[in-house]
Every structure is written in structure tokens, then in C-alpha cells.
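Below: the structure, in C-alpha cells.
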């Protein structure tokens, strides 16, 4: 399956990746795409993920054409 | 319901006046609003500037979603979110949330809901430039 | 801390912008504000206009007092109350309360405290003109 | 004692009084000034009072030169 994987903020700096397309087996989970995209780098604790821009869990299954995102805890808004 | 992402500085009072100019006069009795502004200090350090990264499509969807949730949960006439991204200087507004209703309790509760949900879950990440360099911000719980 | 009584219509967003222009840039992170506006209906009747009587010296003292109380109770950078009196038309703002602080919780709580205290105890009395004549308003509890 | 007595809103309309100065005995209470000023009219329930612009009780004692105010429940602010 063709899966687009995005990394944001500190997670992008740590992995050295911003956006990459990987070819995943079917079935596969969100965590599988992390391993494929990063070459099995250790995932920082508190890493959040989304499937097609909706918050997801690492063990959720993915589908062909999905956009998967990994990012650190969010810090928008204000004081 | 309006949720806007802005790369340029915005004037929150003009944004509120603009939304109100489109509301029926005499229909709402209450407007609660909140403006979050960039401070020039954080965790004891002087902050010169800030860069706010986001996940554009997901951010827009998320802000639209919490506006819809607030509108279904409280009896609102309208609600508004404006959020900056990109380079921000101290003193500039980062975020505006507002809710219009017939009564004040709904307006306050909805306005607060919008900023709390946004802060907890909207995909934005702050990077500060201080006297000692750049750093990603990690919010303390409850901050 | 500013508490103002106004006989003429006021623009709440201009009042807020004016206070902010006097604050040190980058010092506050949060501003919560509330605007109460005259509605054109109440208890099922269409309201054409309203007259707001007050007890001038006591009102000013009372508004000053609750601003001082809010400032002592929360860590505020500034707070503001503006309240109309006299003849008011539907759609016109009646009251504005606002609080500036480093953090949002204080700003929200103080802004809400100001409007709740004002509503419960500030000596103002509303008289409405409806299709069926004039009447003094008696607020329902919790309204 | 010279006491200035003020009536507001519906209470002013009901009593037919806005502002009146009465000559009260010493000691006297807030309630005594109501009776003197209104000619012993019945006081509506929920009537509020103030001494020198501070909320007071009907049985509070008053002093020479005080300004006493009577008014109905307040209705400022907003919806």
C-alpha cells in the first residue's frame, strides 16, 4: 500500500524526515509505518499520530492512500 | 461559525467587530471572548520571537470541528476562532476565541471550551528564540 | 483598573483597544472579555427601548470596589468595566467587563467575577418599553 | 438628626418619593427612616437599603448626616 507519512516540529528534526511515501504491507498499523519511514528509529514517548488528519492510535490499521502523521504534544493557543 | 488561520498579525477587536457587523442587531445578549497574546518571557527566559508550526489541513478541520461541537452543545448565535501561525513577535495576538449567545453563561462556557479544546488538541507547535537560542516549547500541565 | 459609567453608546472593541494601548507590550498573555448587549425581546415580548436608572455615586463606588476585589483575588495586569445608563436601544452594548493576566484561567475567572458581582449587586434598574407599555424588569434567578 | 433619604426605580414610583430629608430621633435605624419618610407605608418585600452608598440592613443604626437609600432588587448588566 502507498502511504504518505508526515512528521512535525521536534519529531521532524529528530527523525530527519518531513514527508515521505512508504510502501506498506496489507494489513499494517500506524506503528508499522513509523518503523518503515524512520528505519526503525526509537519513537519518543508522548508521540501523537493521526490518520487522514484525525487523531488515531498506534495500533490502528491503515488503508491504501492514507496520510499518516506523527507529532509531539501540541502547544498552540496561549498562556 | 468561523475558524480562520492567519499568517499575518491580526487585530482581535477588529475581527470581533467584523463578525458582529454580520449579526442581526438585538438578537444576542452576550458575547464572551478570549485573546491569547505572545508574552516576552517564558520559564524565566526573555523570548525575542516565536515560530508557530502547524499541520494546515488538520488544523483547519480541527478548529471547524470544535466550533461545530460548541454550537451543538450550547445555544449559540455564532462563534469565532482566529489563530496565527508562522513568525510571531512579543505583544502580537496568537489566538482569539469568541461566542455569542442570548445569555452570558452559554457565551462564557462556549468561549472557554473553544480555547481549552484548541490548546489541548489543535496541532500547533511553538518554537521560541531566547537569549540562549531556539527551543521547542513544552507546555506544563494546566498552563 | 478602570470602571466607567457612560450615558452615550460605546463601542466595546474600541474601549478594549484603548486600554490595551496603555499596557506594556508582551507583558500579558491573556485577555478575557464579556459584552452584554440589549436584546429586542424579553419574556416573550418585543422590547423597543430601555431606560437604565442607577444610583450614580454608589454605582461608581461599587464598580471600583469589585475591580479592586478582582485585582486582589487574581494576579491581574489590568481590568475594565464600562456600563451604560439612561436610554438604550436594542443592539447597543450595556456592559463590558475585561481582565488581563499572564495566564488564561485568571483572566477568565476575574472577567466572570466582575460581571456576576455587577449583576448581583450593582445598583442599576432596567425599565423596558414593549408593545404593551412600560415595565420594570425583574430578573429571574440565574438569568 | 438630619437624614437624607433616597428612593430608586419602582420604589420611587410606589412611594411617590425620590429624595427627602427627614429629622430622625437619635438613636434610629434604617427602618425608622423609611417610616418617617414614607408616612409609614408598607415596605415591599425584597427592598434593599444602603447607608452612605454601602449595602446595609434595616435594623442598622444611622448617624446624623447619613444618606439612606431604598431600592428594589438590582437588574444591571446583561442577559
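Per-chain residue numbering starts at 1, and chain names A, B, C and D are given in the order in which the chains are listed.
One rule holds for everything that comes next: a contact is a pair of C-beta atoms (placed from the backbone, for glycine too) under 8 Å apart; a residue touches a chain by one contact, two chains touch by 3 or more.
What you see is a predicted model, and the numbers here were worked out from it, not measured in a lab.
Colleague: Comparing the two chain pairs, does A-C have more C-beta contacts than A-B, or is it the other way round?
Modeller: A-B
Colleague: With chain centres taken as the means of their Cα atoms, state the distance from chain A to chain D in Å.
Modeller: Between these chains, centre-to-centre, one finds 71 Å.
Colleague: If you average the Cα atoms of chain B and of chain C to get two centres, how far apart are those centres in Å?
Modeller: Result: the chain centres lie 23 Å from each other.
Colleague: When the centre of a chain is set as the mean of its C-alpha atoms, what distance in Å lies between chain A and chain C?
Modeller: 48
Colleague: Using the touch definition from the top, which residues of chain A touch two or more other chains?
Modeller: If we look for residues of chain A contacting two or more partner chains, we find 77-79.
Colleague: Tell me, which residues of chain C touch at least two other chains?
Modeller: Residues 29-30, 35-37, 39, 102-104, 115, 143 of chain C each touch two or more of the other chains.
Colleague: Which of line, ring, star, complete and other names the graph you get from chains that touch?
Modeller: Graph shape here is other: it fits none of the named patterns.
Colleague: Mind listing each pair of touching chains for me?
Modeller: All touching pairs, sorted by chain label, are A-B, A-C, B-C, B-D, C-D.
Colleague: Given the complex with chain C, which residues does chain D contribute to the contact?
Modeller: So the residues of chain D in touch with chain C come to 6, 8-10, 50, 53-55, 69, 71-79.
Colleague: Looking at the complex, which residues from chain B come into contact with chain C?
Modeller: For this pair, the touching residues of chain B are 11, 13-14, 16-17, 25-41, 90-91, 102-104, 107-108, 111-112, 115, 143.
Colleague: Could you list, by residue number, the parts of chain B that touch chain A in their complex?
Modeller: 34-37, 39, 52-55, 57-58, 61-62, 83, 94-95, 115, 118-127, 136-139, 143
Colleague: Which of the residues in chain C come into contact with chain A in the complex?
Modeller: Chain C residues touching chain A: 29-30, 102-104.
Colleague: Looking at the complex, which residues from chain A come into contact with chain C?
Modeller: Chain A reaches chain C through residues 77-79.
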